[in-house]
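Common to both upcoming complexes is subunit A, partnered first by subunit B, then by subunit C.
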Partner chain A sequence: MSDMNTAMVEKYRSSFLKEVEANVEEGDWVKMCMQCGVCSGSCPMENNWEHPPQELFMMIRANKREEVLSSSSMWMCTSCYNCIARCPRGLPITHIMHGLAHYGKRLGLAPKEQPTVKFSQLFWDNLTKTGRVNELKLGLSLYFMNGFGEGIKTALKMKDVGLGMMKTGRLNPFEIFGGHSCKGASDIKKMLAKAKEIEESNTAEFKG
Partner chain B sequence: MKIGAYICQGCELGDRLDSGQLATTATRDGKAALAKEHPFLCNAEGVAMIQNDIDNEGVNHLVIGACSRRAKTEAFNFENVTISRANLREGVIWVRPDTDEARELTQEMADDYIRMACAESKSMKIPAASGEQELTRELLVVGGGISGMTAAIEASKAGYKVDLIEKSGALGGVAGQLVKRVPAKAPYNEMADTGIAEMAAAIEADGNISVHLNSSVTKTSGAPGRFEVEVSTESGATNTVTTGSIIQATGFNTYDINKLPELGGGQSPDVVDQLTFEKLVKEANGGAIKRPSDGKEISNAVFVQCAGQRSEKEGHLPYCSGHCCLTSIKQARYAKEAGADATVIFTDLRTPGAGGEDFYRGGQEAGVSFSKGEVSEVVSAGGGLEVKYKDMILNEDCTIGADIVVLATGMVPNNGPDPYLAQDLKAAEEAEDESLVAELQAKVEVAPPSVLNLDYRQGTDLPHLKHGFSDSHFICFPYETRRTGIYAAGPVRRPMDMQQAQEDATGAALKAIQACENASQGRAAHPRSGDLSFPTFRIEGCTQCKRCTVECPFGAINEDEKGYPQYNESRCRRCGTCMGACPVRVISFENYSVETVGQQLKNVDMPDEFDEKPRILVLACENDAYPALDMAAMNRTEYSSFARVIPVRCLGSVNTIWVTDALNSGYDGIMLMGCQKGDNYQCHFVKGSEMAHYRMSKIDDTLQSLNLEQERVATYEVSITDTQRIPQLINEMEETIEKIGMSPFKF
Partner chain C sequence: MAKYEYSFYPGCSSQSKASSVNYQKSTQTICEELDIQLNDIPDWNCCGASIGYGGGGELPRISLSARNIAQSQQAHGQQDIVATCAACWLATREAKERIEDSEKVRTGVNAALGEIGIEIATEMPKTRHMVEVLIEDVGYNEIAEKVKRPLEGLKIAGYVGCQTNRPFGIDGESYENPKYLDKMIETVGADAVVNYDKKVSCCGGALMFSEPQKSQALVKDIIESAYDGGADMIVTPCPVCQMNVEVYQGQINKDHGTNFNIPVVYYSTLMSVAFGRNAKDAALDGQMIRAKQLEDIANK
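Right after this comes the complex of A and B.
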């Protein structure tokens, strides 16, 4: 990953905007932002952002590559779509946010300790193992994400919810033993491997 | 003279007022030869009744007691008679409560207005044009850029002959030097051809337009309808052209880039202004653009907006030039098309006009990068340039490299010198105000050469408003200048882009044609268009003080060989400022004079001191204050029944004798209402309101000598929207009088 990062840095030394256009989902929209700030003003998470969307777009144009890709900002996006609905220039802002997050993660620049980053990884690992989300395991790994002690505390706090879910059949304690998988779990793995291959060959084009 | 008074009973007038008594007032007090009441005066029958009296009874002075003079002007439009209107509807019943207690005062008000109209009528003469007019269907256009060419083409289409004067060797002006233009029609997001070559060809082929290249105007004399203009070529050959009106479309110059060393202006050949960049792109001829210093093909162009503009720094332009944001977007697209990167650094991106926003979006789609930032410095670095700026979104200092930097330096109008400069200098020298003399002297030294070389007493060129742009009434008469029959079009009037310049030129051409047509009939230009009266003076009384000549806002008055004022009827706008200025009161119009107003105010019935009925004289500008009062009446806003309102053409026409007379005849309060003065003036006659304020500031002496309180005379700046405020001001005056007591001058 970091090799790719180095290659990218070389290629796009002077223009991060071009890199974003080439590699980030919906990235070619970034140039269309006219800095009106409507998106930032519409965002329910606004106060929690390190850089609100409009500022991120400006940073991209100002070649702030590291800062953008390692920012926690786009990880704060809740996909509420308020910004998209309101942007007078029609930018697919939510998609760009996810695109930027994904690209930063691929390059290994995403902030390691950011909870959404962590959760996303847990979710991904959990899902790709069997082709199904194992809720018990996902829940547990989430509780223990920040260490054993924290995990116990969280588990105790959440025990009523867990029991309730069990009672209504929403959570099966036996899932802890492997759990059930989807029918073609191995096919899903093949699919994902292929997708990764395509993605990397796409990026390879920009490496050289 | 035979005065016929006509009292209308329509619009509830008959119910609210005793029209019989009004008729009696007209004949007994007003000395009208006949007075008739009519239930519906403005209908066909009522109008026919009046016309019949004109035709068969010899009535030639009409007094119409009905609605405001601003209503039913079509119906009450009679030829070859004088018309006075007593405003009984808007001026009386609509501003009074309909109660039994109010009735007496309401009737008194109406009676006064009838007396006043009769008194005015007696002092009026039937206006007639001087008969010296002739129709000249010819225009002179100075400047062969896009504004001048548009004006010439439009005028020719309207059947006018045009002399087009261009000081260079070719038509086209600045627009002719451009590669492409910001589009004036859809698709707005694409660059368009300038169309200049086609325009020049059209002019060439147009038999109505004679083009004078390498020529300039060396003398302009005369007046609208009969200007005599000397056109001289570089070689010195001169011919004289007679023209009906003139359009000055001399455009602009780019602001001197050398005045911006901090932005690299004059420091590096690779820092250029927008016009120079056009030249580089033209030279590239569709290929890569080469930078001036070493011919390297540019790969990165940076455009700096507001370079020395919208800046309060000494020597900078404080205004927005209005076109350069769009121009930079266009030029950034040239760079993109030539394969280079382009970044526009702006503090505010301003893209006016219908297509402006689309063009901006088109620039974004083409991949032009836009950064909101303030550029502090452009320096040479590593064989190129570095632009240092503060990114205003990120609040950080940034640097961007560039092969070429294009500064949006904006426009400086190509106007002649401020005509009042020489006069002011002379006055300062006479007053021995040394610092002012030095200041004005410095201004005279840098003043540009004259464009029109007007042979006017008030100077050689069009008066300026601010920053060297010619003066025009921005809201009401945008194409106007303060020299009647001379119109400014394009960036010489205000900063603008090509599209606006073309619209402007079209408007100016139509106005210029209107001026010719009006002048040919001896009619005034706006705002009193159609007025046949013009000022004359009683030569025996004139002391040659030159107040009228100096104060006329339109330079209409020259001096004859003997030093007497010489009125140029077709230059005159009929504001009456000269009449207000004349200390010996010898200037008058047939239908408006010191007498017509003086008699009105004297013929108000003046109750004695113990009647508890004060009288307030309101002299209201007919363009704003009077209409505002009419509108207040339409809303049934009540005001003091003690007010007597007389419309005046402009506060500038108010002669201080009216104020003195009013004080002497026992008025308790006097209110003068005119339009806003100063740099953002709203006065329809530019300086009238200002002159009035100035003159009234001197009235305090008069008040003192009469032993009267200063509060009795007040001058106000009002606007047409003050429909609530004006009635309130009148009521406040009534309260003031209550406080300070009645005037001691009642007989």
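Right after this comes the complex of A and C.
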């Protein structure tokens, strides 16, 4: 991972914007931002960002590579698409946030203890195992992601939610023994491995 | 033959005993009433939802949706794909757009599908949200005709939320103040809260799990605004909204000193009751906060 980071630093020596355009999902849109601030002002997470979207886009153009990719900012995005609906320049902001988050993580720069960094990976691992999300296992892995003691505490705090869901038939305790899965689960794994391989070779091959 | 027929993408949260199985159940009920046939996509898989991006990059995520599209075509030809979940709808619709617009994505996705011996044949079918089908194909008039027990006297806040409303939204509706859910509420005989100012606010989505305090603060405002408008209950078209706004009320009460206890139901639950079906068919047993007024009507 950090090898890839070094390679990228080398390749795009003085232009983080170029690197973003080439390697970040929908990153080629960043240069279209006119810094009006509508996105940041429309965002439900406005009080929680280290750097709101508008600022991140400015920082990309100002070559603040480390600061952007290791920021917790993009991980605050709830995917509400309010910014997209309102941006006068039509930037796919939500997707750029997701793209920056994923790229930072791929390079090993994303903050390791950030809860959404961890949760999004748990979610992906959960769904790719069988092709479908197993809500019970996902919930449990979430509670225990900060260690066993923390896990028990969270599980107890969430007890009423869990019991309520079970009582109303919306949580199946037996999912722990397998649960829903796709017949083509191994196919799905193969397909995803191929997609990942292509995505990584696209990154490596780009001559910036 | 049914009057309307679609290829159906249920999504992970609609599986048996999953968190929105009540949505699935009540949707089946209204489909029976409205003569809509939903043909499941065989062996469908998860769409990656809006939180999959951390672990899966662009191509892996789009491949997931592409597999569903290919499976749908293989089994049901060019039938429109219908999803009840906002995230499923969005991901699948977006995948189609990206595959069509980007050569790089298209080539990548075709190679990934090729790896497992399937392909997207010809043009991809449209993916539509269940509410689009209800509004555009069935229509308010036909829904109104089915109403046997108007939900008179009930005041309901129509919480549209994010992803059913943006980025695609429902054709002809504004992003800031969409009216279709209010119209649905009125079509089944209830009163919609006008000027429900948190109508399209975000509930925090998946961040409810990773950043519960921040998300719960958002949900608190959504509930408060419904109470301010005099609502007896909240209705929503999205399984994430339903879950986030319903099940954390106890925790919000503890942390914020509030006293919330407002039921959050699906539009399909409202319709099932109004169409004269019983509490079970309307999936009222799936409410964590019981919708007593609806139960009373359903049991009459």
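The rule we apply is simple: the second predicted complex is superposed on the first by the 204 of 208 C-alpha atoms of A that agree within 3 Å, B and C clash if a C-alpha of one lies under 4 Å from a C-alpha of the other, contacts with A are read in each partner's own complex, and residues count from 1 in each chain.
Note that in this section a contact is a pair of C-beta atoms (placed from the backbone, for glycine too) under 8 Å apart; a residue touches a chain by one contact, two chains touch by 3 or more.
Worth saying up front: this structure is predicted, and the values here are computed from it rather than measured.
Asker: Looking at the overlay on subunit A, is there a clash between subunit B and subunit C, or do the two fit?
Answerer: Superposition result for subunit B and subunit C: fit.
Asker: Considering only touches as defined above, state whether A:54 meets subunit B (first), subunit C (second), both or neither.
Answerer: After superposing on A, A:54 lies in contact with subunit B but is clear of subunit C.
Asker: What's your read, subunit B or subunit C touching more residues of subunit A?
Answerer: C
Asker: Given the superposition on chain A, what is the angle at the CA centre of subunit A with arms to the CA centres of subunit B and subunit C, as a multiple of 10 degrees?
Answerer: 90
Asker: I'd like to know which partner A:117 touches here: subunit B for first, subunit C for second, both or neither.
Answerer: A:117: touches subunit C, not subunit B.
Asker: Report for A:71: first if it touches subunit B alone, second if subunit C alone, otherwise both or neither.
Answerer: neither
Asker: In the overlaid three-chain picture, which partner chain does A:187 touch, first (subunit B) or second (subunit C), both, or neither?
Answerer: After superposing on A, A:187 lies in contact with subunit C but is clear of subunit B.
Asker: A:62 in the overlay: touching subunit B, subunit C, both, or neither? Say first, second, both or neither.
Answerer: The answer is first: A:62 touches subunit B but not subunit C.
Asker: Return first, second, both or neither, reflecting whether A:32 touches subunit B, subunit C, both chains, or no partner chain.
Answerer: first
Asker: To be precise, I mean the smallest distance between any C-alpha of subunit B and any C-alpha of subunit C in the superposed model; what is it in Å?
Answerer: Once the two complexes are overlaid, subunit B and subunit C approach no closer than 18 Å between C-alpha atoms.
Asker: Residue by residue on subunit A, keep only those touching subunit B in one complex and subunit C in the other, then list them.
Answerer: none
Asker: Can you list the residues on subunit A that touch subunit C in the complex?
Answerer: Touching subunit C: residues 25, 44-45, 48, 75-76, 78-82, 84-86, 94, 98-99, 101-102, 105-106, 115-121, 123-125, 127-128, 131-133, 135, 139, 142, 157, 160-161, 164-165, 167-172, 175, 180, 182-184, 187-188, 190-192, 194-196, 198-199, 202 of subunit A.
Asker: List the residues on subunit C that touch subunit A in their complex, please.
Answerer: 12-13, 15-22, 43-46, 48-60, 62-64, 67, 104, 108-109, 111-113, 115-116, 162-163, 166-167, 169, 175, 200-202, 204-207, 209-211, 214-215, 218, 247-248, 250-251, 285-288
Asker: Using the touch definition up top, name the residues of subunit A that touch subunit B in the complex.
Answerer: 14-15, 17, 31-32, 34-35, 54-55, 58-59, 61-62, 64, 89
Asker: Report the residues of subunit B in contact with subunit A in the complex, numbered from low to high.
Answerer: 300, 341, 349, 360-361, 364-365, 367-372, 391, 393-394, 396, 398, 401
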